[in-house]
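Shared between the two complexes below is chain A, which pairs with chain B and chain C, respectively.
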Partner chain A sequence: MTRLKYMGKTVLRLLTLLIAVSILSFLLLEASPVDPLTAYIGTDSTLSEEAKEEIIRHWGLKEPPVTRFLKWAGNFVCGDWGESITYKKPVKTVIAERLKYSLALMLAAWLFSGILGYAFGMLAAVRQGKLTDKVIKTFSLTLQSAPVFWIGLLFLSFFAVRLGWFPIGLATPMGKTAEEVTVFDRIYHMILPAVTLSVLGTGKTALYTRQKFIEILNKEFILYARARGESTGQIIWRHGIRNTLMPAVTVQFASFSELFGGIALAESVFSYPGIGSALTAAGLGGDVPLLLGIAVCSAVFVFAGNLAANLLYLVLEPRAGSFV
Partner chain B sequence: MIYIGLAGIYLLGIFFLGIFMPESAYEVNYAEKLIPPCADHLFGTDFMGRDMLMRSVKGLSVSMVIALLAAGVSSVLALAFGVAAAVFGGKLDAIVNWCVDLFMGIPHLVLLILISFMLGRGAKGVTAAVALTHWPELTRVVRSEVLSVRSSQYVRAAYKMGKSHLRVAWEHVIPHVLPVYLVGVILLFPHAIMHEASITFLGFGLPAEKPAVGVILSESMKYIAMGKWWLMLFPGLMLLLAVMLFDVIGENLKKLWNPDSGNE
Partner chain C sequence: MEQKTKQEILSVEELSVSFSMYQKGLRKGNLEVLHKLSLSVRAGEILAVAGSSGSGKSILAHAILGILPGNACMDGRMLYKGQPLTEKEKKGLRGREIAFIPQSVDYLDPLMRVGKQVRGVRGTKERQRELFRKYGLEEGVERKYPFMLSGGMARRVLIASALMEDACLIVADEPTPGLSERLTEETLKSFREMADAGCAVLLITHDIDLAFKAADRIAVFYAGTVVEIAPAEDFRKGKEALRHPYSRAFLEALPQNEFCPLPGFQPYAAKLPKGCLFAERCRERNEMCMGEIPMRKVRGGEVRCVHAR
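Take a look at the complex of A and B:
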């Protein structure tokens, strides 16, 4: 019962936050000096005053903000997310099209950084104080501080331009129609952006796992295990992974927010047609409906990450039910 | 200590060099455009013949000024919110916590873009965006620190002696929280610098004519396919180095001020 209550409370809290996020985003965009009408028709339009009036009335621009927010929220819940100005398509279509690319990219980067970071972290902890540890630690610290877009530029300039191993950008080869593009093409175009995106997470996860495992290694039960004659491999398998995997996965889920930020940067470096480049384009083009849609989507994404971390904690941590 | 000193000297050096640098140092000079790194131009020159070393230093110091403003605003907000939440507890605590969750519920970069959009982009937008979004983490740190002091014996004794909330906060809580807080402020710098560079890189921040690291790197993107690697390599390295040095200073100060973490 307590577990169910805890879960319910978590979901409810996250839901209220989601509503608040959409209100906050709406308010921020509301306060912008960018005139939606000008953004839509362009500054040098020859539209008559009557036509402009017509658009303003159609969009309800003169109504008070509260009414407009409620109208937008109502439409949003019903599935009408408005019309994107930049792409001249419904916001929902734009987001759905681009989300496919971005989700694939983020999933790849997320898995890659998680596995690599975890392995590095465990290795460093086992070899604490030795050369391996120092190299991994320095490397992770550097990765953690490196600007995502600069790493992207570095990869692009070295692997794509100098060595010519990878394409310079985009998600599919140029000059091929959609039917001709193979899965291999897509993966091939995804490798560099995905590795770029995973850089930040790898460093973080490695450092975190290292610290956690060192804490565990200093516990008395490890000393006892060693006294029983367990090998390092056995200690990692029986005590290390069981005690460090859960915190590491939680941290990995909590990184969703940074992952989404990273995607805007990585995609703009590799001109990858995902949601990140749509975000940039929407912001630069004054495309309020799209910006709002993406902001809410990003909040849902972070929300999903937090929820997953919370639920996983309940499932995988048998002690959790008793004290929360 | 030596690390802190060296890192500090380097960072301050860049900061002041950049501030007092005359504009002639990175003047447009079409006679010398796109020169690879050489003795005269250690970092090479760009498509307008501007010296990349000078531009990078100037750009980094512009970033630092923004980060300084951001750290100032965010740290004051974090201290006020964190202390208030922990000392008064109850409803106020719940509200502050909720606000922190709210700000952390949107990806940081999206929030930066929204705020900069609200202020019509440009230097004003990026400064405000970076300044207004870096308080949540620090607020959490300050709050938990204050909470732990608040439950200690001597603070309870002070209340029993009839001291007001404000006096307890001033006399007992703030001195205890200060070291953690200052480290937090220093560790906020690298984030602020990175975020400024990131959104400037995307085109929301400083205008293109300003010598900012983000601008330099986004310009260099057009020349990558032509193999002009030095345009992106060195400015990025300088950015990375600055970010890492701020981290070094923060982490070392943490060790100095907190004896418990000395044996890690």
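Take a look at the complex of A and C:
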């Protein structure tokens, strides 16, 4: 019963979130100087005034915003997400095509930043106050404060241009047909953007894990473990990981929002054909249907991250188990 | 057997512990919390270390186990079974021959099942089950997490942990606060059983009543040092049998006696008086109290007071 109630609540929460996000995005676009007509026909169009009137009437741009929003929302729910002006394709197709690239990129970056950040954080906590700790701390703070696009440009100019180790951009080699592209090609093209994207998360996770483990190390049960003859290694293995992994994973899931924000920049720098570069292009081109579609998708994505964190917590944390 | 019960398991000689810490801004200073403390425990005996809260009793336990924090500095000597007990020795002995019984369930990892914790890093499942049966813990308890245990169960779990391996010395730090009378009795009974089995038990407590009931000898702790060590029966006999004015005041303050508290406070570790640490509050104080006060043997006990006869 409680489980059913929890699920019901979750669905309700997702629905209210989606409604709120779509209304807010719509309002923001409404208030912005984006003019769908100009975006569609271009600024130096030679179209006659009558033809323009025709388009405006066809799109219903003269109607009040509420009517337009409801019309869009109704179509959206029925599966018609509109046509992307930038890509001249249905929004759904654009998002579907690009989402798989972005998901792979985000997953790689997410795993990379999680594993690396956690390891660094644990190491720093064990060596608290020593040189290793100071180096990791400084490094993490620097990484956390550096803008993603700047890091991306640095990586690009150093690893791709100077050293020539990685491709300069795109998700597949140029001049190859889709059938010729191998999995390794895709991975090879993904490494640099993924590393760039993970930079932000690595520092954050490292600092958080460090803080958490230091807190745990000062707990009485660590003292007791030492009194019972456990070595530092045994303490890390038996108590450290057990008590820090859950919080770290939770924070990692909660970082989905930053991950999504990060791809907009990272993908643009590396001309990576994912959601992020589509978002940038849609923003620059005043592509209202695509912007709205991506906004709703990003809300679902971030919500899923937070939900995963919550569920994992309920499953893995014995003290919370009684509430499920 | 007689020989075995006499063997001195742990002997602490003139132990001082100080912490280096920042005082007033960036000036680093040393704060001495234990001063030239001496005591010893023999096999088959329970020695209670009794003193008021905040007098540094737990530091003594941590010093014996070698789990003081990094900014602590130790001076003096410890002998274990007649051999010097260095930090390296402690590392090898703790958990094996020297067992620690902590205060509360907070000393258990909240995310580890009880059975696994009791077994520790070297214990076997057989031994753990045997101990659980002995202390009336159902088999299901080993699958529980610490937060699911009642106070009494937690107590028994901690005692069982101490007995996982063949401990010769058991250091129990305030093992009974918050327990019901029945559970306290039960806990003390298990300490007696451990002593009868040949262990030396060091029972650290602020509860002098408990010390009377459980211990063979009582070491009275004041301001970071032991002022008197006497057989427990001397405390039962009344204050005339005791040697140190603080021990006598301790007795007078009990509800079942005069219920008359001693005025004043323990001196703070950073502002210790010269000479006798108790002098400020002592009725018998005179100029002899200003010098170095050694531990002396008086009437079958030991005392750190120049007036004791």
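Please note the rule applied: the second predicted complex is superposed on the first by the 304 of 324 C-alpha atoms of A that agree within 3 Å, B and C clash if a C-alpha of one lies under 4 Å from a C-alpha of the other, contacts with A are read in each partner's own complex, and residues count from 1 in each chain.
Operating definition for what follows: a residue touches a chain if its C-beta (ideal position, glycine included) is under 8 Å from a C-beta of that chain, and two chains touch if they have at least 3 such contacts.
As the structure is a prediction and not an experimental result, all values here were calculated from the model.
Applying the stated contact rule after C-alpha superposition, one finds that A:Gly229 touches chain C and leaves chain B untouched. Once the two structures are superposed, chain B and chain C can be ranked by residues of chain A touched, with B on top. Of the two partner chains placed around the shared chain by superposition, neither chain B nor chain C is touched by A:Met106.
By the document's definition of touching, of the two partners only chain C reaches A:Arg242; chain B does not. In the superposition on chain A, contact of A:Leu207 is made with neither chain B nor chain C.
By the touch criterion defined above, A:Phe221 lies against chain C but remains apart from chain B after alignment on the C-alpha atoms of chain A.
The contact sets of chain A with chain B and with chain C never meet. In the complex of the two chains, the chain B residues touching chain A come out as 98, 101-102, 104-110, 113-120, 190, 194, 197-198, 201-204, 217, 220-221, 224-225, 227, 229, 232-233, 236, 239-240, 243-244, 247, 264. Residue ranges on chain A touching chain C, taken from their complex, read 219-221, 223-230, 234, 238-239, 242-243, 246, 317-319.
Those residues of chain A lying in contact with chain B across their complex are 13, 17-18, 20-21, 24-25, 28-29, 31-34, 141-142, 145-150, 153-154, 156-158, 161-162, 168, 211, 256-258, 260-262, 264-265, 268-269, 279-280, 283-284, 286, 291, 294-295, 298-299, 301-303. Residues 62, 65, 67, 91-96, 99-100, 102, 106-112, 120-122, 145, 147, 161 of chain C are the ones touching chain A in the complex.
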